[in-house]
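Given below, in the form of C-alpha cells, are the structures.
In the two complexes that follow, chain A is the common piece, with chain B as its partner first and chain C second.
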Partner chain A sequence: MTTGTNSSRKMAGTAALLALAAILPLAVTEPSQQNFLILILMGAQMGVAWNIVGGYAGQVSLGHAVFYGIGAYTSTMLLLTLGLTPWIGALAGGLVAAAFALAMGWPCFRLKGHYFAMATIAVAEIMQILVTNSDALEGAVGLYLPMDQSGWGVLIFLSKLPYYYVILGLLVLTVLVSWAIERSHIGYYFRAIKDEPEAARALGVSLTRYKLIALTVSAFLTAMGGSFYAQKEMFIDPGSVFATTISIKIALIAILGGVGRLTGPVLGAVILITIEEYSRTLFGSTGSGTDMIIYAAMIILVAVFSPSGVLGLLGDLRRHLPGAKPDTVKAEKMEIRP
Partner chain B sequence: MTADILFQVLVSGLLIGLIYALVAVGLTLIFGVMDIVNFAHGEFLMLGMYASFWAFALFAIDPIVALPLTALLLFAVGVIVYQTVIRRILKAPMLSQIFATFGLMILLRGLAQFFWKPDHRLIPHSLVSGNVAFGPVQFGLPQFVAALGAVGVTGALWMFLHRTRLGTALEATAIDREAATLMGIDGQKMFALAWGIGAACAGLAGGLIATFFPIFPEVGSNFILIAFVVVVLGGFGSVTGAFLAGIIVGLIEVLGGFLVGPEYKTAIVLSLLLIVLLVRPRGLLGKA
Partner chain C sequence: MNTAPLLAVDGLGKAFDGLVANRDISFIVHHGEIIGLIGPNGAGKTTLFNCLAGFHTPTTGRIAFEGHDITGSTPEAAAALGIARTFQIVRVFQSMTALENVMVGAMLRNKRVAEARERAEDELAFVGLSHRADTPASDLTVSEQKRLEVARALATEPKLILLDEVMAGLNPTEVREASALVHRIHQRGIASIIVEHVMEGIMPIAHRMLVLDYGAKIADGTPAEIAENPAVIAAYLGE
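For the complex of A and B:
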C-alpha cells in the first residue's frame, strides 16, 4: 500500500469535510437545526478528546465529566467574578483540569481495567457532591452567565451561528492535537501501552508518564468543551456538567464510532446525537422513558454486535465486498484485562 | 455526643449495612464467576421493589409474604438477561462489557418509567410497621426485619455455595473456570445460575426495603455505587468479604453523615472506594 497517496487522499477528504462544515449553516438556517449541528460538534469534540486517553492509550475513563465540569465552572467563575473573557477563561479551565488530571492520574494509573474505570467514576461523583455543597459556587442552584451582555468578548451570542463556528474551531483544534499525537512517537508509545504494556515497559517506556500525558491532554481539551457548554447554555449546575451520565456519553460517542481512530468519535457523535435528539422530539422527554429505551437498546446492540464500533462494522463490510484489499486496516478493539 | 446517640447511629448503620451487603453479594458473585461488572445490578433491586409493590397493589399480598415470588421472578430475569445479552459478550473487550450492562441499566429504567410512570410510590400498611425500642435505642421495625432478612438470605447463599453440590460447582467455576470445565462442570450453566442468583439477591433486597423505601424507576442509582464500594472493599468475588464490607460501609456512611453532614455521606463512602483501590486493591478477602 502506498502511504503517500493514501494520506494525501485522507487530507483531501478532510479538507472537503471541513469546507462542507464551514458552509453548512448557509443551508441550515433554522435555529433549532443549527442547535442540532452544534450539539453534534460538541459531542464530536468530547469524543475526540476522550479518545486520546481512552482510545489511543487504552485507559478507560468513565469520569471525564470531572474535567468537563472543571472547564465550565472555571471559565464561568472567572467571567462572573473578574469579568475575564471566556477566551482566556477556557484556557484557564483547561489548565486547572490538566493539573487535576495529573493529581488524579498519579495514584489512579496504578490501577488497571475495571479498577481504573471505577476510580474515575468515584472521583467525578465526589467532585459533583463537593460542588453541589459549595456555597462559593452557588451549590445546587447553579451559575447563570450575564444575560445583559453579548458579543465576541464575552462569547455570548443571541443567534446560534457564532456558536457554531466557535465549536467548529474547537473541534478542529482538538482533531489537530489528536492527529499530531497519533503521528508522533508519543502516539506509538500510547498504542504500545494499550496493546503490549509489559513489552513497552521492558523497552524502557515509562507507562505512568505516557498515561499521564494522555490524560492531561485529554482533560485540557475536555475542559475547553465544558467552557463552551457554559457559554452556549448560559447556565450550569453540578448535575448538568459533573454527572456520570455525561462521562458515559463522552466515552460512548468514541466507542460507538470506533475507538482508537481519529474519525471514530466524529462518526459516533453524528449517530448518537441524531438518535438522542430525534427520539426526544419524536417520543417526548417528559418522563415516558421511550427515549431512554431507544438509547439503551442502541448501546446494547453496539456492545454486543460491534465491539469495534460503526467504523469496525464498515471495515467488515468492505472486506466482504468483491475486489476488497486483504490488507485493509482493521479497527482497533479495546482489549484490557484487570 | 452522648453514648446513646452514638449507639443509635451505629445501629442504623448496621441495619442499612446489612442491606448493602445483600445487594453486593449478588454483584460480587457475578463478578467472581465471570469477571463482568454488572452496572444494571441496582435495577434488579428496583424490579424487586416493583414486584412487591404490584403484588401489594393488585393482589393485596404483603411485601414480606411476596418475597419468595420476588426471588423467583428476579431469578428468571437474571437468567433471561444472561441468555439474551451477557452470553454474547463473554469474550468481548472490557469496554463492550461495561457498556452492555450499562445499556441494560438504562433500558430497565426506561422500561420501568414507560410502564409504571416516574412517580414515587409507597407501600402503606405493611405487616411490619412501627418502631422497636431497645432501651434508649429506637429503630423502625421494617428496617429491622429487612436487615434480619438480609442476614438470612446471605447466610442461605453461603450455605448453598459451601454445602451443596451445585453451589460448590459454582464456587469452583469462580476459582478456576478451565479446571472446573475439565471436571465436567458446564460453564454456561454456571454463568446463567450466577446471574439468576445475583439478580434474585438484589430483588430480595428490593422486596425487603419496599416496606419503608420509596419505589421509583431510578431507585437503583442510590445503591449501585455503594454496592461497588462494598464489592471492592470485600474483595471482588468474595461473598463473605461482601457481607463484612457491607456492614463496614453502612457504619461508615451513617457515622460519616452524622459527623460531617448527611450531604457528604456518599462522598465519604466513595473516598473509601478510592482509598481501598489504592492501598489494598484486592480488598479484605479478595484473591491476590
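For the complex of A and C:
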C-alpha cells in the first residue's frame, strides 16, 4: 500500500508539520492563543490514543474518560503525597490505567458493537461516582496541585510555552506508538478484527488478546494525557476528568477527522477545538452546554454525510477532481456492528 | 513418522437446542487427500465444517488431528495446528488490499511484515491473483474474492484446508480452473475437504466423497461408487 516514494513523501510532510509546530509559538505569543494551541494538541493526543482501539481495532469506547481520570488522579496523588515528579507519575498513571484496561476489557470484550460501547460508558460513570465519594481522593472537592512550586521537576510552569512543548512531545510519542502499531502485524490484525472478526479467528488471530492489546495501549496513552491536563490546570475534580462529555469528546475527535488513520484525529482536533473555543467566546458563560449541542450536531453531520470523517470527505473530493488518480486504499467507514 | 491419520472424526454430533444438524458422523482423512463433501441443502455440511475448524463445539463425539484430540478447540487454535478454511459467504477484509488480506494469513507463522508480504505474494501468484495485489479486496469480483480466501487460508501453511463452495456461481471455465487449483493444493501435500454443489467440479478430482443427508453420513466412497449408490440417488432425487 505504501510505495517507496509515497512513504518518503509522507515522511517529509510529517517533518515539515513537526517543524512548523515547533516554531509556531514564536509567532503566536499571546498566552490565550498559546493556550488555544495547547488545547488543540491535547485534543489531538487524546484522539490519536483513542484511535488505536476505536479506529484501527474498531472497538468503540465511549468511556475513555476513565483512563484520562486515572492518569490525572494517579500522577497528582503521587505528587501530593510522595512528592513524586510527574514525569514518573504520568508513567505510573499510564500503568494503572493499562492494568485497569485489562481488568475491564476482559468482561467488556465479551460484548460486541453497541453493547461494548454501552459497557464502557457504564464503567466510566461508575468510576466517576466512586471517586466523587472517595474521601482519600478528596471526593467532589477535587485536588489542587502545589501553587508554590514551579519548574521542569514538578512540571508546573508560570507561562504557557513549556506546556506547549510538553504536550507536543506527548503527541509525537503517541503518534509514534500509533505508527509503529499500524506498521506491525498488530496493526494488520486490528484491521482484520474490525473488518471480519470470524475470518480473523480462522487465520489464527485471538480476538480477546488483540482487543486487549489495543485497549491497554490506548489506555496508557490516554492516561498520560490526563496527567498533562492536571499539570496544566493545576486542579482536578471528578467532573473535569471523569465526565462522560470527555469520553464523547475523545471519540468524536477521532471520528470527526477520520478513524483508523494516523492523521484523522489530528485534523479532527483542529476542527473540533476551534469550534468549541469560538463558541465559548461567542456565547460566554451563558452558553455553558453549547459544547454538547455542538458535539451532537457534529455526530449527526458525520453520520449522515461522511461516515469516514473529514479525511474521507477530502479523499472523495480528490477523487472527483479532474485528472485525479484514484486512491488505492479506500477511506475506512465508521461502523459499529451489533 | 506419525502414523495417525491427519484427521479422524468419530461419532460427531451437533445439535442447536432441539435441532440436530450433525449426527454420529465418523470418517478419516489422510495426508494430502482430496475429500468431496456433498449433500442436499441443510444436510449439515457447513455445521460439520464449523465443528472441524473450531467455530462450533460438537455436542457428541471426538475430533482428532494428527492423533491429538482437538474436540471443542477454538478457531485460532485449530488454525495454529494447521486447519484452514474459507467461508461459504466470502469474508474478505474489505478495508485492505488483496495482498494485505493474504498477509494477515501469513502472519500466523511469521510476524515480520516484510516476510509475510513475500509469502503473501507467492500465495497470490499461486491462485493467479498477482495482478490484483494492490486492489482493495472490496473491488474484486466474487470469484476473485473466493480465490483470495483460498490464498489467505494457504498462507497460514495448513495441513488441511476446508473449502466451502468455492466453485459456486462460477462459469464452466472458472470451474475447471478451480478444480485445477484444488489439484495443485493436493500436489503441495495439503489435504482438502471440499463442500460443493458443482458436481462436475468436484467429481473428477476427489479421491473420496462423503455424502450427508439430514445431518448423518449416508455414503463414503470413491466418486464412481457414490454416483451409483442408491441411498445417494434417493437423497438427491427423492424416492
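Keep in mind that, in the parts below, the second predicted complex is superposed on the first by the 320 of 338 C-alpha atoms of A that agree within 3 Å, B and C clash if a C-alpha of one lies under 4 Å from a C-alpha of the other, contacts with A are read in each partner's own complex, and residues count from 1 in each chain.
In the analysis below, a contact is a pair of C-beta atoms (placed from the backbone, for glycine too) under 8 Å apart; a residue touches a chain by one contact, two chains touch by 3 or more.
This is a predicted model, so every value here is computed, not measured.
K.L.:
What is the contact status of A:Met292 with respect to chain B (first) and chain C (second): first, second, both, or neither?
P.N.:
A:Met292 contacts chain B only, not chain C.
K.L.:
With both complexes superposed on chain A, which partner does A:Gly204 reach: first (chain B), second (chain C), both or neither?
P.N.:
second
K.L.:
Based on the superposed arrangement, let me know which partner A:His185 touches: chain B (first), chain C (second), both, or neither?
P.N.:
It touches chain C, and chain B stays clear.
K.L.:
Of the two partners chain B and chain C, indicate the one touching more residues belonging to chain A.
P.N.:
Larger number of chain A residues touched: B.
K.L.:
First (chain B), second (chain C), both or neither: which does A:Leu130 touch?
P.N.:
First partner only.
K.L.:
Is A:Gly260 touching the first partner chain B, the second partner chain C, both, or neither of them?
P.N.:
second
K.L.:
Applying the touch criterion given at the start, work out whether A:Glu196 contacts chain B, chain C, both or neither, answering first, second, both or neither.
P.N.:
second
K.L.:
Following superposition on chain A, which residues of chain A contact chain B and also contact chain C?
P.N.:
Touching chain B in the first complex and chain C in the second, no residue of chain A appears in both lists.
K.L.:
Given the complex with chain A, which residues does chain B contribute to the contact?
P.N.:
So the residues of chain B in touch with chain A come to 35, 37, 85, 88-89, 92-100, 102-107, 109-114, 117-118, 217, 225, 228, 232, 261, 263-264, 266-267, 270-271, 273-274, 277-278, 281.
K.L.:
Per the contact definition, I'd like the list of chain C residues that touch chain A in the complex.
P.N.:
Of all residues in chain C, those touching chain A are 53, 55, 74-76, 79-80, 84-85, 87, 91-97, 100, 103-105, 107-108, 111-113, 116, 134-136, 138, 149, 152-153, 156.
K.L.:
Please name which positions on chain A make contact with chain C in the complex.
P.N.:
Its residues touching chain C are 1, 183-185, 188-189, 191-192, 194-196, 198-206, 260, 328-330, 332.
K.L.:
Mind listing the chain A positions that touch chain B in their complex?
P.N.:
60, 62, 107-108, 110-111, 113-115, 117-119, 121-123, 125-126, 129-130, 132-133, 248, 251-252, 255, 259, 287-293, 295-300, 302-305, 307, 333-338
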